[in-house]
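Structure incoming, see below.
We just call them A, B and C in the order they show up, numbering each chain from 1.
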Amino acid sequence: MRENKRKPLKLMNRWIRKNLFATSFDVFLTLICLAFICWALPPFLKWAVFDADFAGTTRDDCTSGGACWVFVKMRFNQFIYGLYPDHLYWRPNLVFVISGLWLAALIFPEWKGKRKLAFTGVLLGPIIVYQILYDGFGYLEIVDTPQWGGLLLTMIIAGVGIACSLPLGIILALGRQSELILVRKFSIVFIELWRGVPLITVLFMASVMLPLFFEEGTHFDKLMRCLIGVTLFASAYMAEVVRGGLQAVPKTQIEAAQALGMGYWQSMSFVVLPQAIRIVIPGIVNTFIGLFKDTSLVVVIGMFDLLGMVKAAFTNREWAGYSVEGYLFAGLLFWVFCYWMSKFSQKIEKKINMDKQSSGGKAWNLS
Amino acid sequence: MKHLRIKVLVGLLLSSSGFGATIDQVRKKGFIQCGVSQGLPGFSEISGKGKWQGIDVDYCRGLAAAVLGDPAKVKFTPLSAKERFTALQSGEIDVLSRNTTWTLSRDTGLAVSFVGVVYYDGQGFMVRKKSGVTSAKQLDGATICVNTGTTTELNVADYFRANKMKYKMVVFEKSDEVVAAYDAGRCDVYTTDQSGLYANRVKLKKPDSHIVLPEVISKEPLGPVVRQGDDQWADINRWTLYALLEAEELGLTSVNVKKMKSSANPAVLRFLGVEKDMGKQMGLSRDWAMKVVKSVGNYGEIFERNLGAKTTLKISRGQNALWRDGGLHYAMPVR
Amino acid sequence: MHDLKDIPLWRQPRVRGLFVQILLIVLVCWVIGTGVQNTIDNMSKRGLASGFGFLSDPAGFDIIFSMLPWSEDHSNGRAFLVALLNTLLVSFLGIVLATVIGFMVGIARLSSNWLASTLASIWVESIRNVPLLLQLFIWYFGVIQNLGGTRQSMAFYDVVFLNVRGLYFPWPKLPHEMLIFLVSFAFLFFGMRYFTLRHFRSKRVFWITLVLFTCLLWLLSGATLAFDIPAIRGFNFQGGAVLVPELVALLLGLATYTSAFVAEIVRAGFLSVNQGQFEAAASLGLNRAQTLKFVIIPQALRVIIPPLTSQYLNLTKNSSLGSAIAYPEIVLIFAGTVLTQTGMAVEIVAMTMGVYLVISLLIASVMNKYNSWIMGHGGG
């Protein structure tokens, strides 16, 4: 057909016409956007890339007026590992590799035993990670939890938080649907309580008040207190997510299971829950993304996750004044993780929706 | 500290009784957990090489030498002003050596005990030179940056009320944020203990364009703190501090302390544990004081090393000299 | 059919249900009871006082931004109230701003203009994936603190000033005459409305009489409209009203963060309306504006309102992050300064969490009512 012979320039012209200059309002909009880009982008690029310092080792190497990325380069290890002793970096690296492999195994298409792997990962993961990083079941050198920091700590808090809140959330979701009045009311109260308060107050409560609730002498690690607070908080959100999944499983499934003679717990664990959880995997990933971002709050109770380490680094006399570079780097790291996780979640959601009939409207424009 | 999770479960299921004496726990752990600040030059900060340094840090090292025989057996926990007392009360740390002001309400109302004064300080103000202010009495209507959870907040309120001046106060969680805000121009005045003013001035963009006003508006005796109810541990802390001062009085330094074992001065011999065992009743070894001085030096050495003329702070002894040199430090006799 | 009596007790579902519930009550009581007992023991062992008496003690500190008059000898209880009002203020302003920005960005994303929709996508994706605390730090420590000092303020027509100490703008002076005028104006307005609409049934009559009588009232009361313009006196600007930079930074941070989520919700809402609705409306003879107003938007709103509610809730809870940038809201003032000065950890943390819980439940119930009103009234 003739379209194939059209020159690329003409095609581009057509595209510009259609997408940028279709109506007079469009023209106006395009001009405003272009003006904004021209105003904002060049100064930023100049500061961040063209004038910036990349080479060097101390602050004296940051002579130009641009960004001082030397700072990020020199403190990079601290941002990732915190104050973990550097001759023992193989242990956090091992944790990263194991988690990466486990996640990769789950992402790839169906294979036998995938569910078992997911299950064991969620249950045993926290314990294995803790042992590797702390003292390797007693065989390795002890590294105390205050030294775990940076991205490592962020991932531990988010990962352990989700892993521990998943079972709790499932139980709460089941409880919320229960026919037993007390169980239902208790679940509702528990869920609404933790959903109605900000995470920062939960962390305060965990770090300041938790020791009071227990017998004197039970010594609570700060990380442990933080994890307890985060788990309780996340379990409420997880309960709502799982509830959505439970409601999406057709009632006929439960009836079929009962017809087969299964009791409540049997039908739940073998028939309903597997389907429900599969449906809400995107929701679980979204909760994880939210938790991943919320771990930055632990800087307020004196723990040094990625954001905390960045802040501590530029308040040091050596690198004072380079706060913007630090914040941008931390922001970039968070963005990379969260963006790819949300893309992954969208992909799964699409896959799940393709299995069902979709009824949403087609895309159309408003302007 | 092993297997914390199991310990939590055990603690839940069984009932444990009481903290147990701190010294027993410390001996069992093999180190002292010392609470320090999050970075105050001269008092407690991490050097470029990752080592802690400062007078509060040296105090804890001396304590470790006295109790465990080795000044390296200390672990430091950086704490903000807000969480320092909770950390001590809950048992997370064994001693709080964090430039903490000794006041009535803290001593009596928080279930902690102050064991002495390491540094006599006072609260002061810092302003920009070009504001033209030369006295604190000219600060009517100023905006002041402070760190939350400190006596600084309350002292400012008292001072301005007493002098019938108006002010606005911006409150931050971390002292570094306070310094940054002052530097950025958010406030006219930066206030904290005078030692802190000198220490943090080096963090400013142009240290020489700021001056410290002459007025000292409060007494800030800074010292170590322990939990209430553990007298033996409090005694050990108190007498470690006195040992540092007494060593300076007797002329003992980290260099000559071993040689002084053969001194003719009976006070020295008593101090070093040659004649009498002064440590037994506290549960310490005979030569506890000698170990302290050998590892961190006497008070004068500690002061010079961290705050003295050769450091960036250049603080003079002033009120912190010994009583016989016109200062306020007076050690109780070790006998 | 077996009789119920023949089935062993432990197999009957009702009995088991009862047993489980009793077990739950026992467990919960034991946990709470032990917790409370331990807390009381620990507090008395450590000599910590308890009770709410501290609320009437003088606070002893200053608060930079307060909607009520404040001085250090006011009580801790009043400090709580001031902090609560600050939280509500920033939440309300943030919700309004976030909704406006979010709708604009959401609609831009659906635009056929490639540039506009791409920029909107960039906005949403970059803001959504970075933690709010980090964004607040960038707004406060990065942007606000790089503004000029008092003498280098950015001035807008010499009446509004922006500098590192805050946003200063004129505020009307309110002497007695002005207050009298305002109050009588309120009476006049509602009185006129009732009277003219009842008897004349015409909006035009209402407006004409209102304007006439207002002018009369103005002349009679002798009020003058004067503004207090901020000017530099001594260290700072005096006069006018000020929004402290902490508030500005918190507001901008919260609004932009929440707007990204609102944009997505709005986009999903409009996408959920079937395209056939557009054609049906056209076939009924409605023009574009009418279609939007009567057909599309009500249907879209039904999908938008529930998740929008939860975003409003999130914004209110996220206002607690203002404590990290010195904004005097509940967490900084009450669970911060008051907590460290009095040491009453349990009471204060309980009150703080309680306040947020009440606010959350209130917003949720208001939105639920609005939601059911929408379901009943408008759309489809």
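Criterion: a contact is a pair of C-beta atoms (placed from the backbone, for glycine too) under 8 Å apart; a residue touches a chain by one contact, two chains touch by 3 or more.
Owing to the predicted nature of the structure, the values given are computational and were not obtained by experimental measurement.
By number of C-beta pairs in contact, B-C leads when A-B and B-C are compared. In this assembly, B is the chain whose CA centroid lies farthest from the centroid of subunit A.
Averaging Cα coordinates per chain places subunit A and subunit C 26 Å apart.
The geometric centre of subunit A is 40 Å away from that of subunit B, both derived from CA atoms. If each chain is reduced to the centroid of its CA atoms, subunit B and subunit C end up 43 Å from each other.
Residue numbers of subunit B whose C-beta contacts span two or more other chains: 86, 89, 173, 180. Contact of a single residue of subunit A with at least two other chains is seen at positions 208, 211, 214-216, 300, 311, 323.
Shared contact sites, meaning residues of subunit C that touch two or more other chains, fall at 45, 141, 323-324, 345.
Against subunit C, in their complex, subunit B makes its touches with residues 81-82, 85-86, 89, 108-111, 131, 140-143, 148-149, 153-154, 156-158, 161, 167-173, 177, 180-181, 184-186, 188, 228-229. By the touch criterion given at the top, residues 83, 130, 135, 138, 142, 144, 146, 207-208, 211, 214-222, 224, 300-302, 311-312, 315-318, 320-321, 323 of subunit A touch subunit B in their complex. For subunit C in complex with subunit A, the touching residues are 17, 20-21, 24-25, 28, 35, 38-39, 41-43, 45, 107-108, 110-116, 119, 125-126, 128-135, 137-138, 141-142, 270-275, 278, 317-318, 320-321, 323-324, 331, 335, 345-346, 349, 352-353, 356-357, 360-361. Of all the residues in subunit A, the ones that touch subunit C in their complex are 18-20, 22, 26, 29-30, 33-34, 36-37, 179-183, 186, 192-193, 195-202, 204-205, 208-209, 211-216, 289, 293-294, 296-297, 299-300, 307, 311, 323-324, 327, 330-331, 334-335, 338-339, 342, 360-367. Per the touch definition, subunit B reaches subunit A in the complex via residues 1-2, 4-5, 7-8, 11-12, 15-20, 38-39, 41, 46, 48, 50, 75, 77-80, 83, 86, 89-92, 173-174, 176, 180, 202-203, 205.
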